[in-house]
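Read from first to last, the chains carry the letters A, B, C and D; within each, the first residue is number 1.
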Amino acid sequence: MRSRHANLGHEPVTVRARELKVWEALNLALDEAMAADEAVFILGEDVGLYGGSYRVTQGLYAKYGEWRVRDTPISENSFTGLGVGAALVGGRPIVEIMTVNFALLALDAIINMAAKLRYMSGGQFTVPLVVRMPGGVARQLAAQHSQRLEHTLLNVPGLRVVVPGTPQDSYWQLTQAIECDDPVIVLEHELLYNDSGPFDAEAEPLPLHAAAVRREGRDLTLIAWHRMVGVALEAAETLAGEGIEAEVIDLRSLRPLDLPVLVKSVEKTHHALVVEEDCRFAGAGAEIAASLHEAAFGALDAPVERVAGLDVPTPYNGLLEQASIPDAGAVVGTALRILTPRV
Amino acid sequence: MRSRHANLGHEPVTVRARELKVWEALNLALDEAMAADEAVFILGEDVGLYGGSYRVTQGLYAKYGEWRVRDTPISENSFTGLGVGAALVGGRPIVEIMTVNFALLALDAIINMAAKLRYMSGGQFTVPLVVRMPGGVARQLAAQHSQRLEHTLLNVPGLRVVVPGTPQDSYWQLTQAIECDDPVIVLEHELLYNDSGPFDAEAEPLPLHAAAVRREGRDLTLIAWHRMVGVALEAAETLAGEGIEAEVIDLRSLRPLDLPVLVKSVEKTHHALVVEEDCRFAGAGAEIAASLHEAAFGALDAPVERVAGLDVPTPYNGLLEQASIPDAGAVVGTALRILTPRV
Amino acid sequence: MQRELARQFLYDMMLARQFEQAAADQYQQGNIAGFLHLYPGEEAVAVGSLRAADAGDYVVSTYREHVHAMVKGITPRAVMAELFGKATGCSGGYGGSMHLFDREKRFLGGYAIVGETFPVAIGVGYWLRMTGQNDVVYCFFGDGAANQGTFHESLNMAALWKLPVLFICENNHYQIGTEIHRHTAVPEIWRHTTPYGIPGKRVDGMDVAAVYDATRDALAFVRAGNGPMLLECDTYRYRGHSMADSGAYRSALEVQELMARDPVRTFRERALAEGWIRETEIADIEKQVQETVADAVQFAEQSPDPDDVRKDVYAEPFRLYGGSR
Amino acid sequence: MQRELARQFLYDMMLARQFEQAAADQYQQGNIAGFLHLYPGEEAVAVGSLRAADAGDYVVSTYREHVHAMVKGITPRAVMAELFGKATGCSGGYGGSMHLFDREKRFLGGYAIVGETFPVAIGVGYWLRMTGQNDVVYCFFGDGAANQGTFHESLNMAALWKLPVLFICENNHYQIGTEIHRHTAVPEIWRHTTPYGIPGKRVDGMDVAAVYDATRDALAFVRAGNGPMLLECDTYRYRGHSMADSGAYRSALEVQELMARDPVRTFRERALAEGWIRETEIADIEKQVQETVADAVQFAEQSPDPDDVRKDVYAEPFRLYGGSR
């Protein structure tokens, strides 16, 4: 590939920090990937000059120029489709959709094109496309800006869907997603970007789709991802005070699902609870519960339950908004109910 | 409302037939609703002069004129959104999206607008919109034309989603959907339009969201909708030959789900199997299984399993296509396995 | 110009400026959350265009709609209370800044997904035309929104069926941090109507009287059954895109140049010069505006929160796992 | 005109006509299923435009693409076998009529969702421009597709960044059963490029030589780095939209009138009259075409079905409930 801007031979910033923020880790992964492979380019609204709504692409426009960090018009379906077209002929595009709420406009490009082209072409084409997008309930952004898209994307053969929540995972999983020859959806969470966490650039990465046990326990398995991992860990602390040891699993990937890790945990704890920020009815938690029942029915002393968002559009009012998504108290309450032997 | 076409005071065709096809039943429901209420109008591609790709709107253009049966350009997001706008100010639009595959382009109008406007406006507005669309695997229409959208729509608060499969249900449920003040998605199945079935215009309708037991049984509950009800019934016949009596439930509605009927059945049979045409991973079946486990764990002798479509885009080749969706044989096989006591 | 109208323009614009300043303050104090998109610099557009409307006309607007809402008749109290998320807000506290609604005032929202105003507006227009009503629907949109597919789709349908829609582009030259020359190949939005045969016109969006006159003409055209029209108002926002944005992508020189064309100040000076208004009257307005805004803030502060998170998801409620109707 | 080129045009168009007739027959016999959209009447567009292409140019097409595929170099065997769903088809039997692909020939599909060709093509164009390659990408679309939002969005980006895309509208005046005057406010698609500053041109799509000449000029313009261009080819389809459609919404008079302009017959007559070709040569072509098509059908019949439904969903397979990488 011939580069059109002057400063060739970039070296990514060398980072040996012990702590990074999530957005910084994502930024580093992008920077390294762009330095390593000139086929990698970024496009999206305000990813360039502005540096990204959540700073994730900060500094890259100055470093790699407008052709590799492209500010787009508000045309989600077409610029995502642009990514698909470029991926067909050798590009490795990274599309940023400013938030998942706007991805509803780009689903034709994601579902009807990106996910199906390899199969429909009899395996002739690969679609090494990454679509990054943040979602979730943030701070009073109201119904049109507080959504999650897991349920829609999980059912689509051809896609991979990952949900990194820590700086380390964000770095690892975005790097792996860019290297992967399949279309990968990287779901980020708006409230996690400024979270700091330990970071080691040299550490051996976990596989892209592996789940991680964040806390060991013997009585109950709490299954979560993104911001709900923190909620689950908080609940686990409280439960520990009651003598209950909860195991907390961070899924990290939703398609595929690391079921073996869940089954192993449930064989020990005999109880499981999915903690999901999205609305309960037909959310990702439904698949997690259904498949866990199928795989570990004999080990379960009680049904896998779900503590999840209410089945309402997200309200603007702050109190109502908080009431619409799970908190540690709700997790603790449900956990105690599950673990209380029924008479 | 002032009508702009000459022939006012229409009377719908009086039908006392004992048999109707699904498309005829839908057509009748539309005709009656339009005759009864001048606020009802239809829009979509080729719904007018052409009479609808699947004949559902046949004859209505000649009868009600172009303003009430409107042929649209290929602009799914905007004509569905047009329906939303009209519904806000007094209209009762019925949008036909030619097939669910194109609805991926209209999800912003459905999810971000129709489903949320009532809530976001603090209850000031109602959105009496019906969106009709057929889907499913038909006959070798390949990956972009063989999809189902249940998983995407089920998770959306504000929507109702119904799945009529018989002529009688099609007539009842479309009529009720038009009368309903909420946005209702009516999912139809491309292969059922020409199915004939008993029809009684005078019969007392089932409620919009009620499930129906299509066959009674004591050993196993088969849960299905649309074309899979026929597959389940066929499997039940075979199972009967083996001395196994399967109960077959036609869900008729997916959001809400008629869980009490499922629980009642499972309390009798202690075994349940969801038969789903859509890809298994995170399909509607996941919610059905998850909620049934939660509601009837104690009554279940085995986990609720799912016989579902393979997790692949739909292939064009006819043999592969058939291999990608469930048939009666697969249902029978899984049923026998479930019912065989494990050692 | 009638003195009464000039006074109205000035009152509206001064109220708008003050109201948005108060909103910014309240945001800083933590009483308002979420995304808050303010209007300073663009007042002449909402005021000039909506003062030409009849009460029966409908408005479909964006997330930057506080001023549209107030000029269309929603009280500052109801708007401010909505920004506070209170039960007394015009959307009951469920919508917030980006989702103002008022059924009575025919204010149909408040859409936060860029490009949604087009389909909603043509839907209203379709209904108006189908039922033979004489009202017009306003469709507001930004320069960035003109790149969304719905612009094209909806303008085509509006033209095909001659729908009574007045499309008003608030061209403030930016799509957040992306300047119009970098997001639109032909940065004159009024020229984008050629594929539909819709008349397009450009007007100085910093001149309230010009916007008013252009809107009156456009409304007359649309109301006469000629189909839709598009008015591009050339304007500028003085603040960042939202409270989260400093606007650092714009040069100081540019901002300075546009500040010199401040629609509120320039109209005030002109009104004085033309003798449409006197200094004392302006002082009165100033006072009235300050009181109104202070009252709105106080009202919002003292109003209760809404208390039912499950209300109004459906017109006919049901249980999700319930069966029933 | 060169004799060689004239012979090529005639061969291509006669092959196209015969091939599509054979496909219709095979569909009737149950050997082809799914939606089958045939091309008779429109041959001059694919042939004239694609014979002007270089081998390195890319093609993005619709569901009515058998002829585009063959002119771009995919063999009639591989296309027919794909229609039969066989493993020897150009998409291995996984795609079918609407999804023809050939990586070698730079034929990038076969898209069945109307309006998808726009974003895919600008993606290819973006890559070509970013990497400084000199190839052009063809983007085919119908008159109905011009109403899709992606048309607007993609043309804007193509123009903004001067992407090497040649947009070719196959205007056959119908969007299935809806005539162009009922689906597009301004039924001249070439005029729809004004909002992007893209040059648009209309050409007689029933005249293969005219299409060829216009395409050559357009390609030269695009290849020189001037950015995209749009060519509208005025044409007609003689059959229904697909095998499921009788075309009853068109008047007999209209069909008759367009039949008189049959691109294959008129070019044959002209080539004879101009002395570009002789009757005996035409008879040879006729025979060759018949053999080629018969051979393609036989090849398709005798080819095996694909046998792995799970193949090629992913480039790097994994188990869905598996963990792993």
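Just so it is clear, a residue touches a chain if its C-beta (ideal position, glycine included) is under 8 Å from a C-beta of that chain, and two chains touch if they have at least 3 such contacts.
The structure displayed is predicted, hence computed values, not measured ones.
Averaging Cα atoms per chain gives one point for each, and the point farthest from that of chain C is the centre of D. Two chain pairs are in question, A-C and A-D; the one with more C-beta pairs in contact is A-D.
Distance between chain centres (mean CA atoms), chain A to chain C: 35 Å. Spacing of chain A relative to chain D, judged by their CA centroids, is 39 angstrom. Chain C and chain D have Cα centroids lying 45 Å from one another. With centres taken as mean Cα positions, chain B sits 31 Å from chain A.
In chain D, the residues that touch at least two other chains are 91, 93-95, 99, 111, 113, 147-150, 153, 156, 160, 182-184, 306, 313, 320. Each of the following residues of chain B touches two or more other chains: 72-73, 75, 77-78, 101, 104-105, 108, 112, 119-120, 142-144, 157-158, 255, 281, 291, 311-313, 315-316. Touching chain A in their complex are the following residues of chain D: 58, 60, 89-95, 99, 101-103, 108-111, 113, 116, 118-132, 149-150, 153-154, 156-157, 160-161, 306, 311-316, 318-325. On the side of chain A, the complex with chain B involves touching residues 77, 101, 104-105, 107-108, 111-112, 115-116, 119-120, 142-144, 147, 151-152, 154-158, 255, 278-279, 281-287, 289-291, 293-294, 297, 302-306, 311-313, 315-316. Those residues of chain D that touch chain C in the complex are listed here as 147-153, 156, 159-160, 182-186, 191-192, 194-198. Per the touch definition, chain C reaches chain A in the complex via residues 33-35, 85-86, 91, 93-96, 98-99, 111-115, 144-145, 147-149, 175-178, 182-184, 249, 305-307, 309-310, 313, 320.
Chain contact summary for the complex, chain A toward chain D: residues 1-2, 4, 41, 67-68, 70, 72-73, 75, 77-91, 93, 108-109, 112-113, 117-126, 128, 157-158, 160, 176, 180-182, 207-211, 255-261, 291, 295.
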